[in-house]
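You will see two complexes here that share subunit A, one where it goes with subunit B and one where it goes with subunit C.
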Partner chain A sequence: MTFRIDKLGVLIVVLAIYGVLSPFATLKANRIVPGEGFDILEALPGGFGRLMLLAVVGGAAMALLRREALWRLLSASVVLAALFACVGLAAAYLTPADNSYARVSPASGFWILLFTFSLLATDGISRMNPRPSVRLLFLALAIGIVSVILLSGLWTDLSVMKEYAARADVFWTEASRHLLLALGSLIAAAVVGLPIGIFCERVPALRSAVLNTLNLVQTIPSIALFGIMIAPLGWIAANVPGAYAIGVRGIGVAPAFVALFLYSLLPIVANTVAGLSGVPRQAREAARGLGMTSAQRLIRVEFPLALPVILTGIRIVLVQNIGLATIAALIGGGGFGTFVFQGLGQTATDLVLLGALPTVALAFASAVVLDALIDMNAVAPPRKDTR
Partner chain B sequence: MIEIDHVSKVYDGKTVVDDISLTIEPHTIAVIVGTSGSGKTTLLRMINRLVELDAGMVRLDGEDNRTIPGYELRRRIGYAIQGHGLFPHRTVAENIATVPRLNGWDRRRTTEKVRELLSLFQLDPDAFGPRYPHELSGGEQQRVGVARALAAEPNVLLMDEPFGALDPIIRAKAQDDLLAIQKHFGTTIILVTHDMNEAFHLADKIAVMDGGRLLQFGPPDELVRRPATGFVEAMVGAGDRPFRLLSMRRVADAAEAGEASGPALAASMNQQDALAELMWSGRPAAPVVSADGTMTGRVTLDALLKRARGAP
Partner chain C sequence: MSRVTPTLLRALLLALLVTFLLAPETFEPLLRPLVQQNAPVIYAQGNLMSLTLQHLATVFAATLAATIVAVSLAVLVSRPIGAEFLPLSRSLVNIGQTFPPVAVLALAVPVVGFGEKPTLIALFLYGLLPIFENTLTGLTTLPRAVVEAARGTGMTGWQRLVKIELPLAMPVILAGIRLSVVISLATATIGSTVAARTLGEVIIAGLQSNNLAYVVQGGLIVGALAVLIYDGFSAVERRLAVRS
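Up next, the complex of A and B:
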């Protein structure tokens, strides 16, 4: 066993020290005033503070001294579990018994430690180089643990959960609206973008024209694009028969959906073109020489070989859309952005978090799922190579 | 029988294939040689209509090759290219099954054919069938490429520099395998190469092309004895002529009655190798032994030298 100092471990130790010295939880008199910070020992009852510190010290030591992937993942998991448990305990401990206005939120120390040990866990997982199916399993496990914590009521006293409790119905409506915007526009863009990409690859003259136009769309700032949509869609809603009936409006879901759709087109078309261009010339030539029709060549040879690159485009679009859909709230499109902008308006940080945290989690989860899909479809699966 | 009848192809005003006619007998190997840009690949690709001809006609067993759609024609004609062109996302077995699947064979017949071909190419079906092309060596990939071309039992096999990417030792082995396979199936093979040694090794008849024109089409020894033009003579290689003649004949053809000392030579050995052996061992003659192990006479240095000068 060698005890060589690990470079990432040094970063983790520095971050952990900084995290421990920063306040762990904040107590506010009500949901909008600035609060008072408590460090780990003050925020937690009895021996829990010392246990939490011990976990952080142990985890940081592991990061510094042990390079085995499994040890790094395990120690990171222990610290993360302790963090999740302690932040709930701190909320229960710090909230005054008879004060329903007081709010307890995780403070900078908690977020720094969360980031630090998530980094260690990610490093552990990437060192294990797990197969795509195993990565999906890890994701499912993480979702399961967070769900159990949420259902157990451990976090009930946290401010962000109080914000949720006050808006439970709206939260799920906005969540489905958010998914509809992000996924729906992605599916629409794939349905339109794949044929355009295939067409562009076959007709080189069209390629640069189409790609440049889509590039131009991509450079329009999102808020501007939402604004630009208002006039033409409003006109369509007012003048095209039936348009209003199917939900076309100047503001609301329709312009948000159209804007996200337009943003999605470039990555999908560009990656379809790139993927198809990357198909080995000899494989195409052989497919033709063996008697495949044009459609058979596309479906059996070219498309499967281009799929990993196309999926990469879809991954970009999905993560981008989940983030951009937040802004749709500005024009009444709904989604998690509703809470973000309400929170900003009320200077209620925890309401902002109620919108931001699920958005981040959603983007992260879809990135993991699509990365796994891409690897599953790769022609030569990346293998552990010691050379 | 493949009849190429006054065929021409013009690209952007440049005649790439210029009024070529030649007839390839069934169950033979015809090799088209020429420098790059001679139009040999274009001529080959006009047979299965990967390139459409501008004038003339190609007939397969008397039938114009334009009477059926191109893709259907290509399913009936085997096609193997340089660097094999295997589909990287399909296993070896799936690659070989490509044309049988296009032809709608049932699963059982396809599987049996794939196993038969893999065994024939000395690849263990259970070990190689489920592998992906990138897991094979260059020689193995090339064999799978030829096996795929033969999967639907075509009467005709077109090969475009099939051994071009192989190193010399593996290439010699692949050429011998091809001769064995051709004997096994009786396939008519048309092969394009720029390697004259390969042409002499494989061909029943060689077609020499230059600048889109056919300069000579005939058996290898005719090319050596009576080259039609200076270009053909240069392609054959003036300095190699005696050895080319010897390389086309077997020791059995030069054997005579008599005795000789030293290790025996096989009757099936080619005369060029026999000459080399006699020169190396410093013997004037060597005994000849047939495949069943009986001594059939001897072969002398004089007899070989006489044949190297073109004697029958």
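Up next, the complex of A and C:
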């Protein structure tokens, strides 16, 4: 263990200093006015401020002096846990007693420190280049820690959680709506797209026509496609007598679902074609030599070999759908976008966060899970170059 | 025949787009069935041409900034001096792509306010990733023999980079920029939810007033722009790939 200065460490130290000097938490008189910033020592009761500073200094020193991946990950995790705990404590401490309008939210200093030490943790994990199962374990740990904090009530006084408390039932309705849109359209696209992909791989004449058409769909911006899906129903509303009166307008979940479905087709079809075309000829010949029928070859040989590439397509679709499902709110389709756009309309940042944070977390978690699945199914797991 | 048809189709698409932008009324009969009686068919709260130019300018500015930053970063981490950042930068690119554009846009508003700025920031951040990834791939998969030969002729590191490595990686880098532009063209429409002046304004006006003609014209203009720009980039890439 040599003590030599690390370049990423220098960056971490600079960012950490900047983060510590910026306000840690903001106290606002109500949910929409700008607030007043407090730095770490002012925002936390008694010795907690000094403990938090100590954790930051220790983490930054680790980043500067120790290059071992495990140490970096551990020290970063300690600082992140301290940050999460302290932002809750700061909210409880700064909120004036019997003032139900005052809001405390994390300020720039908190976000900078969160970013800085997430960077250090990411560096640690990517240097360790862990096996897929270990990556899933890390994800489960992270989810566990956040759940414990949420359930413990440590964050109850944070403004985001106050926004949540004000609309807890709606939140879970919108959450399930969001999942229904993102996952449901993915499943529908997989059910339709896999056969199309298999068919296109067999019939090369069709391939470019199908892929070009699906490519064109992707060029239509998402809000427009969501809107255009209203068109068929809108036409009925305008032209079929009485249809408008009974409420046919195509606004809501259905057009959003169809739009997401159309966006999902291209990656699934294209990757199915690519995966199947990539099956080595020897494998096909060997299966044929064993006397397998065409269907047996497809299910037992070609499909398993193509699975990692197909899963990559599904990963792209899932992450993309979770993000795009936020747009559904613009056409009354619900989902987390509801809070984002309501928040933008009311200039209530905390409401935006209530919609944006779960979306980001959901997309991130799905990416980690599917990346792990892809690596587990790869014939020879692709290992990134480590140093 | 088969080589001429795509070019003809493209020329036709371009002609249609320009006609629509200069004289949108000509298309009124086509869009009329989409709206209820007496509703306006062609977006009139703003000039379609100026909105299109503004949309392109926003995308261009964001992509230009993203290209400069992403290419510099990729060059840096592919040199020995920045090699320590290589595993981290790869993971960051992966994580960055999981952030939904709407979330980036919405979270930028409290920091910089409504208008063009949050849109530029979101487009910039979103545009960085494909360009960075492709530049890195281009620079790290160069044929070793060529790089060694350049070293053998006594070129300095800077000369090798500017005269050999970047030109050879150019088709891959351009493919990244193309991807980034196409994504940005579509994402810029979302910018109108935070009051940026882009073609999204037309679509959102249509959604709010239940006017399908607006939604369709806004969507089709952006779609046509994306197809034409995508094709333009692909043509340049092919030409570069043939030359090198």
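Just a few scattered comments:
Going forward, the second predicted complex is superposed on the first by the 364 of 387 C-alpha atoms of A that agree within 3 Å, B and C clash if a C-alpha of one lies under 4 Å from a C-alpha of the other, contacts with A are read in each partner's own complex, and residues count from 1 in each chain.
Here is the rule we use: a contact is a pair of C-beta atoms (placed from the backbone, for glycine too) under 8 Å apart; a residue touches a chain by one contact, two chains touch by 3 or more.
Only a predicted model underlies this, so the values are computations on that prediction, with no experimental measurement involved.
Judged by the touch definition given at the top, the superposed model places A:Gly278 against neither subunit B nor subunit C.
When the two structures are aligned on the shared chain, A:Ala287 is found in touch with subunit B, with no touch to subunit C.
Looking at the shared chain after the overlay, A:Thr349 reaches subunit C, while subunit B stays out of its contact range. Of the two partner chains placed by the overlay, only subunit B lies in contact with A:Leu305; subunit C stays clear of it.
In the superposition on chain A, contact of A:Asn239 is made with subunit C only, not with subunit B. By the touch criterion stated above, A:Pro204 is placed in contact with neither subunit B nor subunit C.
Put subunit B and subunit C next to each other and count what each touches on subunit A; the higher total goes to C.
Look at A:Gln296: by the touch rule set out above, it reaches subunit B but stays clear of subunit C.
Subunit A meets subunit B in the complex at residues 280, 282-283, 285-293, 296, 301, 304-305, 379-380.
Interface of subunit B with subunit A (complex): residues 48, 50, 71-76, 79, 81-89, 98-99, 102, 132, 134, 145, 148-149, 158. Residue ranges on subunit C touching subunit A, taken from their complex, read 33-36, 82-88, 90-92, 94-95, 97-103, 106-107, 109-110, 182, 185-187, 189-190, 193-194, 199-200, 203-204, 206-207, 210, 212, 215-216, 218-220, 222-223, 226-227, 230. Residue ranges of subunit A in contact with subunit C, taken from their complex: 6-8, 119, 122-123, 125-127, 129, 216, 219-225, 227-228, 230-231, 234-235, 238-239, 244, 249, 319, 322-324, 326-327, 330-331, 337, 340-341, 343-344, 349, 352-353, 355-356, 359-360, 363-364, 366-367, 371, 384-387.
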